[in-house]
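Okay, so subunit A shows up in both of these, paired with subunit B first and subunit C after.
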Partner chain A sequence: MYAFEYRRPASLAEAVSLLSQAEEGKILAGGQTLLPTLKQRLARPTELIDLSKVPELKGIREDGGALVIGAFACHAEVGASDLVKRRIPALADLAVHIGDRQVRALGTLGGSIANADPAADYPAAVVALKGTVKTDLREIAGDDFFTGMFETALNPGEVITGVRFQAPDKAAYAKFRNPASRYAIVGVFVARFGNEVRVAVTGAGPSVFCVTDMEAALAKDFRADALSGVAVSANGLNGDIHASPEYRAHLVTVMAKRAVEACA
Partner chain B sequence: MANPTGIGASVRRREDQRFLTGRGTYTEDIKRPNQTHVHMLRSPYAHARIRGVNAADALKAPGVVAVFTGADMAADNVNSLPCGWLIHSKDGSPMKEPPHFPIARDKARYVGDIVAVVIAETREQAKDAAELIDVGYEDLPAVVSLRQAVDGSAAQVHDEVAGNLCYDWHLGDAAAVDAAFAGAAHVTKLDLVNNRLVPNAMEPRAALGEYDPATGEHTLTTTSQNPHVIRLLMGAFVLGIPEHKLRVVAPDVGGGFGSKIFHYGEEAIVTWAAKKVGRPVKWTAERSESFLSDAHGRDHLTHAELALDKDGNFLALKVSTLANMGAYLSTFSTSIPTYLYATLLAGQYKTPAIYAEVKALFTNTAPVDAYRGAGRPEACYLIERLVEIAAREMGIDKTEIRRRNFVPAEAMPYQTPVALQYDTGDFAKNLDMALPAVDYAGFAQRKAEAAKRGRLRGIGFATYIEACGIAPSNVAGALGARAGLYESAEVRFHPTGSVTVFTGSHSHGQGHETTFAQIVAERFGIPIENVEIVHGDTAKVPFGMGTYGSRSLAVGGSALVKAMDKVERKARKIAAHLMEAAETDIEVKDGRFTVAGTDKSVGIGDIALAAYVPHNFPLDELEPGLDEQAFYDPKNFTYPNGCHVCEVEIDPDTGVVSVESFSAVDDFGRVINPLIVEGQVHGGIVQGIGQALFENCVYDEDTGQLITGSYMDYCMPRAHDVPSFAVSWHEDQPCTHNPLGVKGCGEAGTIGAAAAVMNAVIDALAEHGVTHLDMPATPEKVWRALNQSRPAMAAE
Partner chain C sequence: MSCTVTMTVNGKAVTREVEERTLLVHFLREHLALTGTHVGCDTSQCGACVVHVDGRSVKSCTMLAVQAEGASVTTIEGLAAADGTLHPMQAAFREHHGLQCGFCTPGMVMSAVDLVKDNPTPTESEVREGLEGNICRCTGYHNIVKAVLAGAEAMRAGEPAAAAAE
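For the complex of A and B:
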């Protein structure tokens, strides 16, 4: 790890200010990806701005029919939250299956979506649950937030403060894990809002995406069998030693069916 | 009454208290005053000529003490790391042994080859400075896979080794095999890959070099399974330090699995550099360094054919194997695919004719050497896959075909056609014990029930026999071993009756501090609390060969018994003197020495006191003291054997294999500590399951980059990937040629498990026309096998 300055602001305003003044600042929001990257000397920030003491990023609350989860909520906190378990149990279930116990104790919602790892779990929830990403400057629709592999709509220096998730009638997340890393090779988040169904897929492509054919099929008939004829193209999907694009495409259908079954 | 801490008692491991409470002392825990840290600058290229190393900027960096290159070592006449086993090719020529310098000199030959070292005040300073070193690499084409290595047009890893061929060796009677094949009713053929593995001991390798200018003594503290072997190899062959000036200490070591047998360049570097810089030099591998630089395991490509008569009796076996040595010959690399593999190809069967050819090849990858089982899992996997394929092809039940071909217990001792002579074993009994234990008769019902849930269920068997405690030394020497294969022990009674045992075996997870103490406790009728086991320090223990190949109890335990025999012989004389009786009238039981037919007796504690305070002692006949040493060179290998049975279920939608049950029936001879034996078997099975389903070391075929260089991509089995195991054994076939009747249990689980799991996987897939899959049976591979019309995997 290269040397860096460590900062721990006590307010959002201070955090934003420190970030704007930093030569090459990096936000530390749990650090479960950043710290291994630093240890391997693959990144060389001049300053790490630790958001752990910023009160504006904390907490989980109801907001009308939605849930607003602070950017600094760690995965274990989301998974254990009675409010999340009551309002969007599928989201709590997703959180308790991220990484391992140590990752869940430190990794945060904001850190995860800002990093936009193609195999991360939260992006599927943000999109499927019609999430809105709140920052210090604005609100960004979940559909517009993830723009590519490790890329988001965030501007330099912009800080995520939280995410507003809509509470669906039914939802479930089904993940096929990479046996080594336990990241999602394919994760499918299915959410039903009245007659509207969302099917968001993480792990399979460079970035989270919706399978509109599946959404249409499920809107008509919300049963796993409705997906039997809906194939996903392997074009543009990720391929590595663990799973080829064809296999990932196949798994999208399998996991989508399992998610629909889990909604029952 | 039996000694509650004696032989056969499930005594909890005494050493666990310190390990579990963080009080162990591992090499990295040792921090010397004024200690420096060394960072190994490793080649990022698989194959590159080194045009020069410019360290001028690095030497000016903060905290830097020194930078050394291969040229510096050459100037000090540092030699190549030696290979411990000379193999001769079919044509009688010796194997090719290109030099393996601790720091590369002319070329880097794998990603991870050390090209320079930086010594600094802190580890981070050393790493910072290493980035300032300018190495003039000229990238060369790399030879990565075995298929590339045998291709005549491939690049050469070593200019002087034509065709990358280290040796072309064979064993067995080719003519007899050909004749048997000519008359066979059926021939089963199989091409298989034995996948390359990364050992992954929990504690990464580490080494601390020290030099005392006052005495001229060097000390190396290292993560080794055999400190005397390191002292001999490094002192005599690499650095030229005489043994009386070189101490090697292997303190607590957190797992080895074979990977810490070998003498590694880093050990020579810290020892040599400590004198150069006049300060202690410490190196501890990071996990990614372990992936790159620990010797890997397995990596075979094999074609095999089994000839059978019309009744399924095996007539002959023909095997042709390519074995990957990696870029250089690691210490015992050359013996693994030869004397620890081909000699095991008879398995438990009376196959009358066997012929094996093994070509060992250099590639631009990390060296490959012994990894838990070392050659024997490869042999077992090959035989047991062939047997199950043959059974299916011929319509014979998979247990019946084995039973027909077992070497019967009454045929022991049994000479195989591949050099070994099995002393004992009742293979039918192992199977007889396993069948009811796994409810083989109920399998069809379980399969049908699984089918109702949409799952494919399969059952797989593996029988194995292994050869442990390599020996005798003179035979091994005739076959090319460049070391002895005995073990040492010293039993030192103290004046007040407690005992310190010095053993040449080394414990790095095996529990010797408990098991060896139990043997002493049993013999002398004392609690194990009165026995201390000392190991791992060449300054304390007699010359020993260490721990590998499941040898500690069979060889080191036997040396311990021999030393105790000597103690008892002397104690008997002392007892006779003390009780004014004839020595021949002394009876010994549980540490009490009694005059036959009387109630006169003395305990071993009284005898020890008399030996050290010899006021009433036969000084004209005996020396004072009660401290005896013994070396034991075995007459033969030991032959642990067993039958492993696995059931799996496969999710056809995803291809995921789940291990539903695993049962092992083993014959380890006599068992000293059942609890420890069970633990050894459990760990071994998990490693076998790991190879079968999860673990695979993958290099990029073009660049030689290690793709599975971390746990993000190299998949280790986790607790929830395996079921509870059903482990049992019998003790009615003790080893006939060692005093404890023990055979060894450390590798057995790994040897049988991979074959049993893969046979179960193929059994589950058989109804879909699948006859073979190579390990690991990953979800995509299984899914593709079930959907064979699909195009080949994009990434393979």
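For the complex of A and C:
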């Protein structure tokens, strides 16, 4: 790891100010991706700004029909939250299957979506649950937040404060995971809001995406069988030693069906 | 660039001057000479470096020492009672031969204790799933799982060492 200076701001305003003054500042949230990256010397920030003592990023609360989860909520906290389990059980279920127990004790919601790993779980929930990403400056619709592989709509120096998730009538997340890393080879989050259905896919492409043909089919008939004739093209999907683009395309339909079945 | 860190390790307050990039595992091993916590993969996967920070198991190779400022840290050295009586989980690992080479054992024990705190009556599959962040390269999982189940039972029985250690 290259040397850096470490800062621990006590408020959001101080964090934003430290970031703007830093030569090449990097936010440290749970560190479960950043620290391994630094250990491999793949990044060289001059300053790490640790958000662990910023009170504005903490907590999970209800907001009308929605849930607002603080950016610093760790996966274990989201997974164990009675409020999340009651309002959006699929989201709690997603959180308890991220990484392993030790990673879940430190890794955060804000860190996960800011990193925008193509195989991360949370992006599928942010999009399927009509999420809104709240930052120190503005609110960004979940649909507009993820712009590419490890790319988001965040400006330099902008800090995620939390995510507002809409509570669906029914939802489930089905993940075909890499058994070693536990990242999603393909993960599909299905959420039903009245007559509207959202089908968000992570792991398969460079960034999370919705399958509109599946959404339309499920809006008419919310059964796994309704997806039997809906194929996803392998064009542009990820291919690596774990799964080819064709296999990932196949898995999208399989996992979408499993998610619909889990909604029953 | 260095800074001062203060934390409680195994019940004792410690303060040291460290480089800011010092990982918690290196702080424990090199600054405090607590070498029971191992560095295995150094990539957050194997779990040989698991310690408890404020009662939660974490991978100390993926946390900076400065992130543990003010925290209470327990390592494998802090589990047994002051008189040397093993923690029931340690005793169960010995009794059931839950180790072969022993390299992964400190992390396995620390993860197991944390797991059982949340779920005092785990099933075999819950133990296997709960230990997914710990890798045993001897592939000695069978006896490890047996040991954790027995350790959980002993912890429920409230052996004195359990109360003394945490």
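The working rule: the second predicted complex is superposed on the first by the 264 of 264 C-alpha atoms of A that agree within 3 Å, B and C clash if a C-alpha of one lies under 4 Å from a C-alpha of the other, contacts with A are read in each partner's own complex, and residues count from 1 in each chain.
Note that a residue touches a chain if its C-beta (ideal position, glycine included) is under 8 Å from a C-beta of that chain, and two chains touch if they have at least 3 such contacts.
Given the structure is predicted, the values throughout are model-derived calculations rather than measurements.
By the touch criterion defined above, A:F176 lies against subunit B but remains apart from subunit C after alignment on the C-alpha atoms of chain A. Touch criterion not met for A:E196: it reaches neither subunit B nor subunit C. When the two structures are aligned on the shared chain, A:L251 is found in touch with subunit B, with no touch to subunit C.
For subunit A, the partner touching the most residues, choosing from subunit B and subunit C, is C.
Of the two partner chains, neither subunit B nor subunit C is touched by A:D144. By the touch criterion defined above, A:D240 reaches subunit B but does not reach subunit C. By the document's definition of touching, of the two partners only subunit C reaches A:D50; subunit B does not.
Contacts of A:A76 after superposition: subunit C is touched, whereas subunit B is not reached. Within the superposed three-chain model, A:Q102 lies in touch with subunit C and out of touch with subunit B [touch as defined at top]. The intersection of subunit A residues touching subunit B with those touching subunit C, taken from the two complexes, comprises 1-2, 180-181. Residues 1-2, 40-41, 176, 179-181, 183, 239-247, 250-251, 254 of subunit A are the ones that touch subunit B when the two sit in their complex. Interface of subunit A with subunit C (complex): residues 1-6, 8, 28, 31-32, 35-36, 38-39, 48, 50, 52, 76, 99-103, 105-106, 180-182.
Remark: subunit C residues 1, 3, 19-21, 23, 42-45, 47, 50, 56-59, 62-64, 66-67, 69, 111, 114-115, 130, 132-133 touch subunit A in the complex.
Residues 124, 127-128, 131, 288, 653-654, 694, 696, 698, 707-708, 711-716, 778-780, 783-784, 790-791, 793-796 of subunit B are the ones touching subunit A in the complex.
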